[in-house]
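Chain naming follows the written order as A, B, C and D, and within any one chain the residues start at number 1.
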Amino acid sequence: MEQNLNRFKQRTFQVKSRCALSLLTAKLTMANAELSLKLGRNVILNIYSRIKSIESIREKCKKKGIKPEYTEALEKISDILGIRAVCAFEDDIYRVADILCQHQDVTVIRKKDYVRYPKISGYRSLHLIVEIPVCFQGETSQVRAEIQLRTTAMDFWAGVDHELRYKKGKKEAVLIGNELREYSRVVAELDEKMVELRRQIEII
Amino acid sequence: MEQNLNRFKQRTFQVKSRCALSLLTAKLTMANAELSLKLGRNVILNIYSRIKSIESIREKCKKKGIKPEYTEALEKISDILGIRAVCAFEDDIYRVADILCQHQDVTVIRKKDYVRYPKISGYRSLHLIVEIPVCFQGETSQVRAEIQLRTTAMDFWAGVDHELRYKKGKKEAVLIGNELREYSRVVAELDEKMVELRRQIEII
Amino acid sequence: MEQNLNRFKQRTFQVKSRCALSLLTAKLTMANAELSLKLGRNVILNIYSRIKSIESIREKCKKKGIKPEYTEALEKISDILGIRAVCAFEDDIYRVADILCQHQDVTVIRKKDYVRYPKISGYRSLHLIVEIPVCFQGETSQVRAEIQLRTTAMDFWAGVDHELRYKKGKKEAVLIGNELREYSRVVAELDEKMVELRRQIEII
Amino acid sequence: MEQNLNRFKQRTFQVKSRCALSLLTAKLTMANAELSLKLGRNVILNIYSRIKSIESIREKCKKKGIKPEYTEALEKISDILGIRAVCAFEDDIYRVADILCQHQDVTVIRKKDYVRYPKISGYRSLHLIVEIPVCFQGETSQVRAEIQLRTTAMDFWAGVDHELRYKKGKKEAVLIGNELREYSRVVAELDEKMVELRRQIEII
């Protein structure tokens, strides 16, 4: 296992991954430029990207019951490469997603709309699992990544939820989780209301 | 008037201003590094800075009833240079402010706590008017700037409020303004609750 | 004329241009990552990009005897979008060029090797005129750009040569131009020798 | 020994170091802005900074015959924090140094002019050992750093020289070292001549 996953460490993998992330970042920056031109306001506030650590990959393999081997992991864990774009408004999330899907070299493998259909925990975000061609050492291959699109309010909520995950199993964690789920609704209502107010302002 | 304000355009002013902003940005980055080390999480999510345009300076002079002259404007308008640090949590705002005030070369001229005492409009943020020495062409002079510290939720609210300002005077604007003020309270409650939940998570 | 070229000012053109430049910058960054991994040293030291100003476009139209119209200019002036990658060593220039040409979405229109065949002025650089697909408002179109690849020594020389161009016509400029041409040979010899020494070091 | 040097690893040291480097980078950026305004051309092309690795510190302690203890190392090894500014022209090196020395909070401990008095190896650069106050956890302390100022041509030469250092001891290295020393003179002559030509261009 160690041996197999060690391959992830290979700098080749790192370089290819960074290439894929920098191409996707460029595409998100372009989507932002196009939308900002059209709407007269900045649409994407932050773009983050990360490569999952080997420890997290190993853990996820275990959780998913899959062999911790390079090829299997790459196929079955879609968020080894992750990129997150944070927008101010909820409707902008879908605008950014639409533009990304128009790129001829971006293949959308799966779309998970946790904005309209939140997870039981209260988690909300729009996830796109995509593949993008990366040219490396003369060969072009498809690299998979997960794009998370969310509002700042959802991102704030998700940050606290993420902290809670590390304390899972403790009995207090359940109570806090319940309260947090409650506040996911406050966040959703806030996001919705702000879009409504912004639209009213736009037309007066 | 035009002649006097034209001086603002002078590239000298631009260069000195950019120097001041880059020093303050470095200090905020340092505060973030120190707090992140202590608290084990990223504290400042975004740092923005801008130099007020001449048009805005002229407008503000008019509104404040002061002569649109270089020296008077510089003395009486404290936000010609503006820098904004956006934190996830409300209590972090005060942590960042405390560290900034410890710097020997930062003189705090005024502190306006619109977080605890929001403006009538509902606007919330912690404002620090500071002076910082800038060395330019062999001479060191104090340059004034306004630092705005706020949470992402406050920043989101302020963005919509900012849009509304351009439509001021229209009768629909008043109604939207009232609704927006209402939502400032939702934002405040959300910020407060999330700090509470984060603290509970930290101690379990 | 003014009207025709004004279109260059259009923000749409600006946004599409910035998209093309950011994609090409990402591709150069990727080429650098791949080569650095292989060679164990940083290969590209600097990447610059610029969009030609309308004034420069107008001037070039005049010089080339073409109508200063949007479509004609775009077709006949290949360096409206320019991107420059500066390498330490001369042989790395060709390595970077090779990798760029392998990208399936990069079409090389023309290659001008002023490294091996310098201009009469002494100017040296490898120029690639390329086209790259840019997706904007749902439509994909080819955008043309000029990529200049050169060493730091060539870049240094070119900087002085560029200054001289503004003084053209003055009789002293001719004499300085002659001296500068002489020094282009010193630069070429230095670049060549340093590659030789680096190779000797690599094999001992 | 291990225990003492381990302290270098402490994240506190890392954070303080990064603070010092970001302040010095801001000061170099400011010097560049001031000079670019005055001279009408970009003066500093690149700014790099690095923190010496523990391995390198340990090695240097051994070479210098000093105890590998935290306090002694910090006092006797002045380039634990290093920052390098690369200029196009040789005379700009001294301009940048002059501006840095004017800053009230920058204490120049030592100045080593390897530009006018190159090392026997042929190495050329202007070194400033400086101290800068860093405010961390409410306390202000002086942090020492080495600033290297050089031209792109010197930097190119130094890059090859650096590679050679790793092969020291091998007999071929001596021969290459001799040739490299020869080329240090070509670099010096080139730098000198280009300043001369630039000055001639400026006055016509």
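By our rule, a contact is a pair of C-beta atoms (placed from the backbone, for glycine too) under 8 Å apart; a residue touches a chain by one contact, two chains touch by 3 or more.
Keep in mind the model is a prediction, meaning the values are calculated, not measured.
A.B. asks: What chain lies farthest away from subunit B once each centre is taken as the mean of the Cα atoms?
C.D. replies: When every chain centre is compared against subunit B, the largest gap points to C.
A.B. asks: Same or different for subunit A and subunit C, where same means more than half of the interface numbers show up on both copies?
C.D. replies: Answer same: the two copies use largely identical residue numbers here.
A.B. asks: Hey, how far is the Cα centre of subunit A from the one of subunit C, in Å?
C.D. replies: Spacing between the chain centres: roughly 36 Å.
A.B. asks: Mind checking the centre-to-centre distance between subunit B and subunit C? Centres are C-alpha means, answer in whole Å.
C.D. replies: The separation of the two C-alpha centroids amounts to 41 Å.
A.B. asks: Would you please write down the residue numbers of subunit D that are in contact with two or more other chains?
C.D. replies: Not one residue of subunit D touches more than one other chain, so the list is empty.
A.B. asks: Name the touching chain pairs, please: which are they?
C.D. replies: A-B, A-C, B-D, C-D
A.B. asks: Quick check: in the complex, which residue numbers of subunit B touch subunit A?
C.D. replies: That would be residues 41, 45-46, 88, 151-153, 155-157, 159-160, 163-164, 167, 170, 172-173, 176, 179-180, 183, 186-187, 189-190, 193-194, 197-198, 200-202, 204 of subunit B.
A.B. asks: In the complex formed with subunit C, which residues of subunit A make contact?
C.D. replies: 11-12, 15, 18-19, 22-23, 25-26, 29-30, 33-34, 37, 99, 102-105, 133-138, 140
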